[in-house]
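I am attaching a structure below and will ask some questions about it afterwards.
Lettered A, B, C and D in written order, each chain numbered from 1.
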């Protein structure tokens, strides 16, 4: 038997780039964490240490900062696409490039009711995510784009049931018709064919997030599973360019605290928010004609 | 020489309590992390292991959850005060009780422009903090109350200078007249005498935060030190009940990225947000007639 | 077009179980974080909220704690296998069960040179990981087992070069023939067919870790890529039951600090350990006759 | 009433410095996180933005790296003392300088039983801490030195009782005569007068840690309070130069899991390690002739 090199990839992770636009006294800001990942013919670096095919991760960093100026960050997706196509087109051994971005939101400080020109406060909890994967050049070019969010913490104090479940000899849980449901949502969605140069990804993000949050709030839930499915469906219905939504939802348990020993009726009002363990529910919602996902979900942060 | 017991204290840290009010279909929510700390005559627990004077930390936990129902969490400060006075008044060996709270903010989900009755999304970045320290009973009662916030991340992309500083043989920093200034603010403020039963602490919190953030935005800064002082001063001016404000501000460095090797003019638009090291500036702003702080700043989370 | 449910899975994540063995005055300890994940016919929970096929995550938790007593944790892999086969065999809608474990190491306190019977101190930095995935029952049963570690932080202050790399117009990095190389290693390995009941997984873990760390130390490195490949190869050579090793290595950059402005020769002795960004190198080393990985690498912690 | 500037301090936090000694083929390593804090006449920086008295935090950083070469890190305390005296002696507006260090441990990789010359693996969990505070120059010089550790995680599965405690109407806890006791210890100790140039601080650290861990293991505990007191006492007895030890110990609760519903006798063998809330016990053990602590405990990381 022989031992051989399998899949491999490399890049520069977590370039924390802040891009200001100062064309006018009213600045704009975009705050991103950029990771670039190259896949291609780098076998010799592994097998013999020959770096001749390896563009240093430092160079990838320099390029990410340079493109933040020359291409700009007005659109996260177009910035990522410009970087990815640069690596694939201009660096010979690169077959596929993947850019992963996290965006941290800012809103203008309001001073006496007036938005300030160049002062901001971090907003919300959630982090927006983007990935752009590009393979091949010219006619052979293929592109996969995903969006997403994480750390979106939502809670409803009613409108959630859980009963009628399968029970076995280890089942002690009591059914309930009114519980707190809360999660720190991770979601990612895959776009079908879009006009990268013209599509309004920011508007799509806003529409998807709104669809998800409104569905979480409004939909009477018989199970977190059901709520997730409805949230994914609402997102696809809101943005027809989506072909798939993946959701991962830790069930942030809120246990009604037992106040009976003290003669106090809780009345579903006092809860202990527990840390661990937690239920973890994951689902994909997909168009029945969705194209193959290819490398869209092959994350850089995982294990190869 | 002899070895003796010095200062000591104990309690239950980080009871994560979520309190819903369900008096009407439109729920209310309060989400807090409650730590209780008792100081008093517990020497024998240390010296001989005799627990006769020690109210278990588990009991403190039960009490915190029970009071969340009976006293409620409409006011963080009155809830904390009720717990503190209970421990001092009703548990004989306790001389002083300190309650520390963190509050995590939620805002109602808006569905089609209408606020939802019982669905929320976590809001903002900052965490509100409260401490109430009570000593003695009856005529001898003394109370200290502090408020605060942490993780309030603010940034301004102009209006900040840094020059004219002291230089020695290790000084290589270049002065600048236009830089990004950003921090993740920690602030705490001490109240003078207030009517605990009637004072609107929530309104005070809002006014203090607004004063600080607006000052950060509007004040043209020659130094982070100067900005902090002005923020503290603005807070005291906004809420006359304050006698002191303490501020701790990591200087979250944003370095203009060197794009010259690539023939690109940065123009103060592309920055690397660095993690470590960071400048750390701390200051207290105080009324000249402020009463002695007593145990107001003696935190439970520190070392004794 | 229609919108349909895609892949889905659920379970209980992060049951933090500590198992003591008290058969003799000399106790044993095993400290694990257990996550169970079920895959199967749970569509109705998503589509209609019908929970009839859903074994509650709470039940999975109870089972994990119960098996910690009845099966025990002498072998992480046999414990996980027992849980997985229980879920597949005894819970009708379950087609596949995956158990993921993290283990936190403890070593006995030494008192006056003698190992204590029941007192421990946490040891080392690395966390051991295990996954067992079981599909089908009886003749149709298939099983996949992986091991791994994370947070193994290693550093060498010499014996590492980096030069001869590909350069383009964004390349400013200088080649070096002597640099610090450091990483916080994440590795996972896949076993081929083993006798689950009899194989000594603990011995295999120790042998793999030793092979990796010794290779990191001894192998003169022309690139982190090369070092990773050699570490993976050494692991497979050390434990013939392995068919694949995956490695993910952040390049924890240590930059020689520029002391020239102060007239000081650094001499490759003073380094700034930077946080972000970092190179991230990933590779798989595999036997050329390795069987298909199946669901071995389909992690629960990812997105579906 | 007037608003004035109160206490203030500033510096550079978390310079992560790795110092290699390459005098021979057998390298040495020291890995520290260095924070410097200056106290003095910096009022104008706050009041008017005048930086004339402010040595930039960047300069403090450069100095910390430079001294890592010129003074070296053979002794953490002497390195910190050299920096502190430099700031007090050579920077006119500085009245007091405080250096705080964290040290991360490494041990040599063993290859085939032989220690490697320049390859290391991170060791243990605990982080060593040091502070040196210097005030005044020449005859007026005063110095305070503390040592410490944090994140030292210890557990004993027997030899710990808890009963006879004070009970009130909120007390539901059952007494126990055999429980798991575990903590993640934070300790800090203050030295009395020592010969900074000659004292073996590393040996003192080792002796203190050994005394504490052995006491934790051997001492039969009636309360975590009692164990802490004994640990502090043992430390002072082990190193006569100590005048005070402060300990902060979260009670990392391990709850015996209720397996009765499944007809299983737990037998004190299966535990759930809970995260929050946790008891938090703090105590100081002190010589009865200890000198005043002065600024020894005035941490830089706190609020002013």
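Please note the rule applied: a residue touches a chain if its C-beta (ideal position, glycine included) is under 8 Å from a C-beta of that chain, and two chains touch if they have at least 3 such contacts.
Quick caveat, the model's predicted, so the values are computed rather than measured.
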Shared interface partners, meaning chains that touch chain A and chain D: B, C
Cα superposition angle of chain A on its copy chain C, in degrees to the nearest 5: 180
Between B-D and B-C, the pair with more C-beta contacts: B-D
Reference chain B; chain at largest CA-centroid distance: C
Chain B and chain D, separation of their C-alpha mean positions in angstrom: 23
Distance between chain centroids, defined by C-alpha means - chain B, chain C (Å): 38
Euclidean distance of C-alpha centroids - chain A vs chain B, Å: 31
Sequence positions of chain A contacting 2 or more other chains: 15-16, 62, 66, 170, 172, 261-262, 275-276
Chain D-touching residues of chain A, taken from the complex the two chains share: 169-170, 172, 261-262, 275-276
Complex contact set, residues of chain C against chain D: 15-22, 27, 29, 31, 62, 65-66, 68-70, 106, 109, 111-112, 116-125, 152-159, 180, 213-214, 216-218, 254, 257, 259, 261-262, 264, 266-275
Residue numbers on chain D that touch chain B, as the complex places them: 1-16, 35, 37, 42, 45-59, 61-63, 66, 90-91, 93, 162-168, 170-173, 186, 188, 221-223, 225-226, 228-229, 232-233, 236-237, 244, 246-248, 250-251, 276-289, 297, 299-300, 302-304
